[in-house]
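Before we start, here is the structure in question, set down as structure tokens.
Letters A, B, C and D name the chains as they come in the text, with residue numbers starting at 1 for each one.
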Amino acid sequence: MILTRENLINFILAAMLLAVPFAANALGQPFYSTLATRIAILALAATGLNLALGLGGLVSFGHAAFFGIGGYVAGILAAHAFSGDPLLFGLSGSKQMWVIWIVAVIVSGLVGLAIGAISLRTSGVYFIMITLAFAQMVYYFAISWPAYGGEDGLSILVRNQFPGVNTMRPLTFFLICYVVLLLALSLFALIRASRFGTALQAARQNEVRVATVGIQPYRIRLTGFAISAAVTGLAGALFADLNRFVSPSMLSWHMSGELIVLIILGGTGRLFGPLAGAALYVIFEFALGGLTERWQFFLGLILLVVVLFARGGLLGLLAGKAKHG
Amino acid sequence: MTLALALEQLLNGLQLGVMLFLMAAGLTLIFGVMGLINLAHGSLYMVGAFACATVAAWTGSFWIGLIASLAAAAAAGAIVELVVIRRLYDRDHLDQVLATFALILMFSEGTRWLFGSFPLYLDIPPLLQGAVALPGGTEYPVYRLAIILAGAIVAFGLYLLISRTRLGMRIRAGESDREMIGALGVDIRTLYTVVFALGAALAGFAGAMVGALQSVQVGMGEPVLILAFVVIVIGGIGSIKGALLGALLVGVTDTMGRFLLPKILALFVAPAQAGMIGGAAASMLIYIVMAVILAVKPRGLFPAAHA
Amino acid sequence: MVEPVLQISNLVKNFGALRATDGVTLDLRPGEIHALIGPNGAGKSTLIHQICGTLRQDSGSIRFAGQDIGSLGVADRARLGLGRTFQVSSIAPDFSGLRNVMLAVQAKQGSSFRFFKPVMRDMSLINTAMAMLERVGLTARARIPAAELSHGERRQLEIAMALALGSKAFLLDEPMAGMGPEGSKSLTRFLDTLRQEAPILLVEHDMDAVFALADRISVLVYGRIIATGTVEEIRRDPTVRTAYLGDHA
Amino acid sequence: MKKMLAAATLALSMSTTGMAFAEPLKIGMITTLSGGGAGLGIDTRDGFMLAIKNAGNKDITVVTEDDAQKPELAVQIADKMIQSDKVDILTGIVWSNLLMAVAPSAVAQGKFYVSTNAAPAALAGANCNKLYFNAAYQNDNLHEAMGEYANKGYKKMFILAPNYPAGKDSLTGFKRYYKGQLAAEVYTQVGQTDYAAEIAQMRASGADGIFVFLPGGMGIAFMKQFAQSGVKIPVMGPGFSFSQDVLPAIGDAAVGAKASGQWAPDFDNAASKKFLADFQKEYNRLPSIYAVQAYDAAQLIVAAASKASVKNADAFGAELKKADIQSPRGKFKFNTNQHPIQDIYLTEVVKQNGVITNKTVEKIFADHGDAYAKDCKI
């Protein structure tokens, strides 16, 4: 890899995130591991959205749906494994994270395919609003469907397992999430540089151009949207395991808004934009929440300033304009 | 189920539709003229309701409160436009969504800062209290009829404003061609501020009218904001006519769904089950309707010139 | 007679009461440049849109490379070999010129669903794309973001992309527009050689270029073709002179 | 005479709690201080802090944080309080869904949780825990009381609640005691603000009574709209539908509504009078039931801490379970599942000297526990 300024900053960001939980452990403040895990998972969710939004220019205001679906996959599989009741067609639940991850990726990817198939017929504001509407549909369904706790949500009493390690240790669980995040970032980087990524980014920049060379923008976007949904769904499954709890609030439109906020804070379409954004957001939330009850006001103010005056987000400030091949 | 009940429910749907129209009209107007997607519209609705409740409590008059709600929302709208919104016209929808999302956070927490966390008291004015008899032997609240009337007046007023006045002419010009209107020598910045304040005033008016019937509290604008977006997306963003028809469609669909779905399901399952599943289905119904409409007509029922 | 590459028959398109395309019949034969001229508002753009599929005709047929393409989408027609350039250049502005052409090469190879191999290390893409850029004379500017290219260079880039598609026909919408006299001249020279590769339907206002290049000319006025013929025939045609050419002739 | 005695014991217990504890005590309060439900959280915090202040003990620290009514934020704060602030006890959550996110994992990590309000059935029965106490009630209690009350004189009830677990628990609780006929059982959307369709159904249903469970803004909207509808059927509900946090906003439209509650401001006992006076003096408003529950939760914690070290979970739990406090509610003790056994009263919304508040009418249940305690094996 070429050592550009952006690559250097990315490396420092990744190293800092990795250092936090080790330092926290050494200082006897394990809570900061939890905070770092939260950053990693939110960054993963936003990396998923970044595929659709950053590369494809698809402003999905409904990615909370996939985040929540991933969470519910984890919750429901764990609940069935705990109770021993079969789930579907005689299949049982599972407490194994990797099983849960695969199911979460498949289910949220398929739902993404279905939602995308209809939503991508529209564009612009209509796309923003129809994705929001689909997420609201899932949200209300989750609230009123009694089988898995409705609005009360679903507790995962013991964190799901990963072969060979104790996931209840905050540091261990952090490392699992960190590795998954790095894998997702690699996937993002690969896709961005690939033929598919070229077509997806070209469709963002100029839809007519893509069609004129004989590529159907709809198919490219739909594929991108489904992959994006699958990655965000995976993050949802990890988030459920972090909190040992899932509830419809993971599906709420505020969550969709927050995911977009993470990307913008960090820098749209940038590889490490979601990580930078998630780190900033969680630190803001944590620091401001400790300072004042009015933290949401100041969070709004900071966001507004970033949108109005710091358009490239944190990475835009630090690393300059994004470069494309 | 009697015919009278069905008629009453239809009237309820109409009235809910009118409430949504009051909200959606401003939203769609702002989008139509400036191409701006304003999530903070719900906050202006809240500002109107709080202004009305506060002034009504000081003066003892709902009507003075109602005027105050128009003034406060218009003023808040104008200030927001001058300070924030005008920097967003040239931005993409993503930036607009984000900036106005940030405004929601600030408005909600700021309102709590000023007014505290408890809901405010705002009652229906004595003139409009109580219910009147309808044909068929049922009664209907006067205030709800007044809301239908107010919605009809606003719809007609907007029609006159846009088709018959100089401001309306400029709005139409702005909708069809933004450069053109600048070339005509109209001060476009002032026009945008005026249109935004007008949209805000409509939202504030809706907030005050509805606040008297519901609950004046922080966050009251959010559910209605999302519904208003569903309305304008169904109707075709930028189209006032679309907003009106979309609002009525959503109002009637939602009311009838809540009313009929559990009854239909009760034919097949136990009543308690029917209530729950029917309730769940009813809350998803308008989103399903929206998805179907957009799948068939991706730019809504009445697509505006640009979107 | 040789089978035409593109055959448009009795094409009709209405916008409300306005008949924008009024029974247009037109063909494009191998090896020729067929120019389409006409005053502003004659319906040239509407016709181009129907040929490439952004607008659907109300009636009539469009055959291309031996196949009825009248109901296909833009991308399908492009894949059959309909290459086009736009009145206002249409490129992916964030990408370099090279990557723009590589997009066309990968489309031609039919391989846009590969997710892992980096295109910038994919010599099969790069070499082909560079060859196309060389043909239009953009080699030196290949790695510059397309947004920073000059007007004329973007036009060249579009042509390189059409070449990369291995087009069986080119649809060039006012390629000379906005070019300086020098640019027009070199583009004219280039198009002159391009016809060997595939025939060109050329929509153009620059009459010097049209008369220099065209094998045949069709004149479109108010949605109708009022005349088709060689340069000389069109110059002499009285209806064309009154309707359009005026002092040009 | 009896009253004086009560006052004397109160004074005595106050003086004992003023003494230093065996071990300093750190309490983490997670409650809703921003967002739409902040009113309830603020009353919770204020009621709790009032009791802490009254205890006048320097060995107690309370850290308070806002959960913004978001479960994942509540979990994050709980983790922080347990791991970084090293609190001994968590408390303060208003909502069942947030409680379900926090309490099971807190007790799994060996911390006490004393609930000031939320009391889902899931934590009262088979999944009860010896570290989990509820100082408020069990979610079903107030609905059960209204079911019992409706048996007197109502033959056909129209019952309505939001379509979420607490709503379903509510109607289940009501039906557990109500023996008459149901005109309809309707579930509305969570957060719904327009009830015209439901009111029309009520009018047409031929019901002679209406039971609604609509907390917060939903209840305000319903009551205002119902008052305008011309429908004359009596309305009743659980206490939270007509608690002091919403009554001022409903206004006269609430007057006459019947509700069930464990406490009302007119309770005639020394602890209640003192609480009411102290609260009004401190915060200049009437307390809601949430304030009382939190006040009692704090009293319970203080009382237990004066007898046992919180580090000794068994001893501390045993002291908590004794419930050696003077509750404004009057009688208060813990059931086997560590949820209250208490009297539940019928209240009526009245307007007194221009203030709209609740007045006690009669006792519905004496020493009422809950239906889940039998499944709890502690």
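Please note the rule applied: a contact is a pair of C-beta atoms (placed from the backbone, for glycine too) under 8 Å apart; a residue touches a chain by one contact, two chains touch by 3 or more.
Quantities reported herein were computed from a predicted structural model and do not represent experimental measurements.
J.: If we look at chain B and chain C, which chains touch each of them?
T.: A
J.: Express in whole angstrom the distance between the two chain centres, defined as the mean CA positions of chain C and chain D.
T.: For chain C versus chain D, the centre distance works out to 75 Å.
J.: Could you put a whole-Å number on the gap between the CA centroids of chain B and chain D?
T.: Between these chains, centre-to-centre, one finds 35 Å.
J.: Determine the centre-to-centre distance between chain A and chain B, using the mean Cα coordinates as centres, and give it in whole Å.
T.: Roughly 32 Å, centre to centre.
J.: Per the centroid of Cα atoms for each chain, what is the distance between chain A and chain C, given in Å?
T.: The answer is 43 Å.
J.: Using the touch definition from the top, which residues of chain C touch two or more other chains?
T.: none
J.: For chain A, write out the residues touching at least two other chains, lowest number first.
T.: 140, 143-144, 146, 294, 296
J.: Hunt down the residues of chain B that sit against at least two other chains at once, touch-wise.
T.: Each of 108-109, 112, 276, 279-280, 283 in chain B touches at least two other chains.
J.: Sort out which chains touch which and give me every pair.
T.: A-B, A-C, A-D, B-D
J.: Okay, in this complex, where on chain A does chain D touch?
T.: Residues in contact with chain D: 29-32, 34-35, 38, 140, 143-144, 146, 149-153, 155, 157, 170, 239, 243-245, 247, 249-250, 285, 289-290, 293-296.
J.: What does chain B use to touch chain A in their complex?
T.: Against chain A, the touching part of chain B is residues 31, 37, 84, 87-88, 93-95, 97-99, 101-106, 108-110, 112-113, 226, 229-230, 233, 237, 276, 279-280, 283-284, 287-288, 290-291, 294-295, 298-300, 307.
J.: Contact residues on chain A for chain C in the complex?
T.: Against chain C, chain A makes touches at 190-191, 193-199, 201-202, 205-206, 208-217, 220, 223, 324-325.
J.: Tell me, which parts of chain D touch chain B in their complex?
T.: The touching residues are 33-36, 38-39, 41-42, 163, 168, 171, 182, 184-189, 191, 193-194, 196-198, 200-201, 203-204, 216-218, 220-221, 224-225, 228-231, 245-246, 248-253.
J.: Tell me, which parts of chain D touch chain A in their complex?
T.: 33-35, 65-66, 68, 70-73, 75-77, 79-80, 82-84, 96-97, 100-101, 104-105, 108, 120, 122, 163-166, 168, 187, 189-190
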